[in-house]
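Chain naming follows the written order as A, B, C, D, E, F and G, and within any one chain the residues start at number 1.
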Amino acid sequence: MSTAIDILGGALLIIGAFFVLIGATGLLRLPDILTRIHGASITDTLGAGAILLGLAITAGWSLLTGKLLALLILMALLNPSASHALARAAVHGIRKPWLEKEES
Amino acid sequence: MILTIVLATLLVGMTAALIRAIKGPTVYDRILASNALGTKTILVIVVLGFLMGDPSLYIDIALMYVLIGFIGTVAVLKVSEFGDLGQSRSRTEGDQP
Amino acid sequence: MKAPLTLVIVLAGSWILLSGHWSFFLLSLGIASVVITVLCGIRLKIVDTESVPVHLLPGLIRYTPWLIGQIIQSSLHVARRVLSPKLPISPTIIHIDTQQTDALNSVSYANSITLTPGTISLDVGKDQIEVHALTRESAENLKSGLMAKKVRKMEGVR
Amino acid sequence: MLIEVVNVVILALLAVTALAAVRLNDLFAVTMMFGIYSLLATIMFVVLDAIDVAFTEAAVGVGISTVLMLGTIGLVGRRARKVSHRPILPLIVVIITGAALVYGTLDMPRFTDPTAPVHQHLGPYFLNESPDQIGIPNVVTSILASYRGYDTLGELAVIFTAGIGVLGLLGLRRRKRPGHEGGAR
Amino acid sequence: MNDNPVLRIVAKIIIPMILLFALYVQFHGDYGPGGGFQAGVIFAAGFILYGLVFGTEALRSAVPPHILRIFIALGLVLYAGVGVTTLLMEADFLAYNALSQDPVAGQHLGIFLVELGVGITVGAVMITVFLGFAGRNDP
Amino acid sequence: MTIAGLYNYWIVILLMMTGFYVVIASGNLVKKIIGLNLFQASVFILYISLGKIADGHAPILQAGISNYSNPLPHVLILTAIVVGVATTSLGLALVVRIREAYDTVEEDEIHDQDESM
Amino acid sequence: MIITQLPALQVVIPLIAAPLCLLLYRPLATWLLTVVTSATAMLISGLILAQVLDQGVIDYTFGGWAAPFGIAYRIDLVNAYVLMIVSTISTIVSVFARVSVASEIEAHNQGIFYTAWLLCLTGLLGIAITGDAFNLFVFLEISSLSSYVLIAMGNDRRSLTAAFQYLIMGTIGATFILIGIGLLYALTGTLNMLDLAERIPEVANTRTARAGFAFLTVGIGLKIALFPLHLWLPNAYAYAPSAVSAFLAATATKVAVYVLLRFIFSVFGKDFALDTMPLALGLAILGSSAVIFASAIAIFQDNIKRMLAYSSVAQIGYLILGVSLVSPAGLTATILHLFNHALMKGALFLALGCIAWRIGSSRLGDFKGLGYRMPWTMGVFLIGSLSLVGIPMTAGFISKWYLVLAALERGWWPVLVVILAGSLLAVIYVWRVIESAYLGGKDNEAQVGEAPLSMLIPAWILALANLYFGVSTDLSVGVATEAATTLFGAG
């Protein structure tokens, strides 16, 4: 049982680390601010989520787990709000977003 | 061991975000980069807590960081959008004496 | 009067989660803290149903697994695009109908959109949301309206 | 070992951030750099076991200092004029100061050396006696509030001074100012 | 930013959490990182978020200047007052041992009160400073 | 060991001097304040480095751990951080007032205005 | 019981009065509180001085923790002496402040002004009394921050830039001091000054100790406004509100000089500080250049307040010269001059405050015929000037005399030349004012219009003190000699 949990936790951590790297790549490679927000948000959601979940699983059931989950919930609530506000400001602030096509 | 790998990738991620913060080119890129750095800082602190053997002491810092970091972002955006911490847009024309 | 009471319960739960100490002294401090917080909240006029959306909770429990699935799916989608050497992205801005009943639900919807990699909400209006999508596929996926329906259902179970 | 590596990486990132802050002329960007600097410093404090300090730096660096700097930039405008000539004198002053400090470190106890005087004299006393004399686990709090409580009173007086200073300089009343535009845009 | 429903609702949800967290930090400085100063800053940060999202004017009417002034002074008076109390109990300034029969209990009480003083003043000062800066360009 | 043990301090000194340079070389008052903050933050790192002990733990006492880093520098730096914030807020308040009085925050322009009076 | 608690009360009473002052907020009430508090502090410092003279060193611990673990005071004669200067000047000047401040500062800011005043007093007293290096830093910052606030309240916009410049340089100085204390702490593991003094000899021969000493000296030098680091001072004193100029000129730099003395003689020991490090020669050169250059610049000042500020820089040169002689006699001269200079600069700035209140200016051109329009005020100015120049029968003469004696004792002839040249330059810059005021032509239309008594009396108290301590030297010289012996013996 405990090994299964360890493996699950370890796998989650590795997945998280992987998505952190992808987020970093996206942050560097993507062409303009709006697309980069997409890149960064991968780290925010799946990267952070998987890492925190993995840690919560490996830590065993205690108050700490609760706090890790609280951290996760707060991040899930606040990060998208911040991203949204940033994107909204950016789309008004920059001259022309890098778009393939526009429809309305 | 796994934690070490995670920590290393987080540091790589931080470096990438820092490069983005320095390169810019727009203000929003820098805000985005520092935001991303903030997220990674939270994770680094939590992971360090586990590595150093007493995560429950460190998690409070991370919790606070999530809360405070959000305020920082809102402040940055407010200044970049309105040029001021104080105004709220709905009031810009109103109540002149 | 319902909102302050719910807030008290939520805050008390949070205190227990944070504190982890059960001594009389700290518990009474906990009560004091909750009272102070609620009083501050009332003073700031932020205590209403929007601030403690517990009525969404049952729906949220059903909604979250689906959202996580969506997140994983679109994460992989975006990851493939970002890692591919040619960077095959096609950023788009679209407007979609919120189809939500109140501001709280619109916000849940907007945040779900942002939370899903590949799409960010840009502007949340009364009945339309402006969305920036990294690829055309993400945009199409959103336009199908499945997420809007799921979010609307969240409130429906009340 | 791991900690040393993290230490070095973070220090390197700190150095890059600081140098970027020197180079940039957009005050907004400089402030962002400061925010990042404070983030990295927080990690540094965590690595060095100073979690109370990390907590404070995190709260202050992002929550207060950065917000205040942004507020100021909003009021005074965000472009700093480029320094037209290479300032030689400041560079000399800085190099001399830095050289003096490096010279001073040569005889310093080595980093993390447990035989350093710092770890021999006062520190052990606090760590050993605090449980009996004060009875709380966080030794930092017991020093801060009790052994050196008088310093903390002084610290509070400092923050009080800052508060009344801002009250006196900026005031809190709504002011009516005739046509004075200040803004980032 | 009041017209942005996302920020408005998120702020409404999160501000009570921030305030509660601040009080938690205030009262658990003995056991983990934190204490009066950090708590004051976080508490003020909650109000700062309110000011950012709902406008400075709203914040100013919620915490008017004269109340802030009282709180700024109150914390420092509380801190120094603990010291004066110990003086009156014929001990040294800030010697908390005198506050109770049991020296350790005295220390606990003293530290608690002192940290509370720090928290009050710091929180009030930070809100004041924010209002000073944010209210500067009001029309 | 000699070099490795000091390497840390030297980078911190580099950081300090970068901040110091910003303070004395830049003509923009806001940037000066930011430089002051960088300078002070680096001094804080120097202090905290002094308190670190090999394989140490954060100085919050727990059963079974005996090797703690020195808490005294932490206390000193907590105080110093507070002093730093106080200085920053006061300095920035002054900058705002200067801008209102002179309509600029560049040191040489302010100087010119005073001279021409 | 209360006697044993005096050292704590000395600092804590103004500290508690500050928040109360903020709560009161009304100008008159806060002023009254400030005066009463200052007077109480003066009373306490008098008692402490008497106690020290009577029983020797007073030890006091905070929180009941013994010396190196908690924060401890160790009050010897030097501490008590500086405390006396600070609290006395604060009392006299705060009485003066009422009318002056009412005319210079808006009513809604006066409460804050007096609060900042009390904090500044707290900080200065705290620096002067403490026996802990880090505690000294904290109180240094209290006094610095509050003086930035006080200076910025001047009604000229240049007061803002002056305060800002002071803030930047003061903070750099404080940070240098912090670095110095940090290096010492790394070497010795302690912060208590007595403990430091015991432990430094073991490590005196390290590069770290030298660097630490250098940083402390430069940092304190910035706070003192030692010659090349003086740039903040002239503007700060020139554009601050009159009462603040008088208060700070008479106390702030004095306290900083005290800190330098304390570190050189008590903490490091004179052997280390002045022999191992080439400080004696360095200080002598800096002190001499301060005297000559600052006096020379003072001659060309059109703003009299600014002129006096430069004169302060020059006077600091004398203080430093006394230190650089490294002899009990030199130190006596320095300590004596601390007191005498506080008296003369206090008197001069108070006189300027009266003038500023009456004619709203401190420009040389506006002084024409002032000797007839404000005879009493100009009387104070005249006495202060004579003392500044060092005419016999004034306090200024006494300290210069002792400085000359000390220089001769060491056989340092150049110092003698510097002192004479400095006095000569002082004659020139002071003469410009006197000439304009008395010989610049009597304006027949101008009425005699004096400043109110609440301003004149404090000014005259200081002026008469200048005369009194110029004639009856037993008290001041006696205490200074004993204090110098204490410091010198300690090293």
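The rule is short, and it goes like this: a residue touches a chain if its C-beta (ideal position, glycine included) is under 8 Å from a C-beta of that chain, and two chains touch if they have at least 3 such contacts.
No experiment lies behind these values; they were computed from the predicted model shown.
Between chain C and chain G, the least number of touching-chain steps is 2. The chains in contact with chain B as well as with chain C are A, E. Sorting all chain pairs by how many C-beta pairs they have in contact places D-F at the top.
Mean C-alpha positions place chain D and chain G at a centre distance of 30 Å.
Between chain E and chain G the centroid-to-centroid distance comes to 36 Å (mean Cα coordinates, whole Å).
Spacing of chain B relative to chain E, judged by their CA centroids, is 24 angstrom. Each of residues 1, 4, 6-7, 10, 13-14, 17, 21, 25, 31-34, 37-38, 42, 45, 48, 57, 69, 72-73, 76, 80, 83, 93-94, 96, 122, 129-130, 132-138 in chain E touches at least two other chains. Annotation for chain D: residues touching 2 or more other chains are 49, 51-52, 54-56, 59-60, 63-64, 67-68, 71-75, 101, 105-106, 108, 116, 118-119, 122-123, 126, 137-138, 140, 144, 146, 148-155, 157-162, 164-167, 169-171, 182-183.
Shared contact sites, meaning residues of chain F that touch two or more other chains, fall at 16, 20, 24, 50, 57-58, 60, 62, 72-73, 78-79, 82-83, 86-87, 89-90, 92-97.
On the side of chain D, the complex with chain G involves touching residues 100-101, 103-109, 116-123, 125-126, 146-151, 153-155, 157-158, 160-162, 164-165, 167-169, 171.
On the chain B side of its complex with chain F, the touching residues are 52-54, 57.
Note for the complex: chain A touches chain E at residues 74, 77-78, 81, 84-85, 88. Residues 56-57, 60-61, 63-64, 67-68, 70-71, 74-75, 77-78, 81, 84-92, 95-96 of chain B touch chain E in their complex.
Of all residues in chain E, those touching chain A in their complex are 1, 4, 6-7, 10, 13-14, 17.
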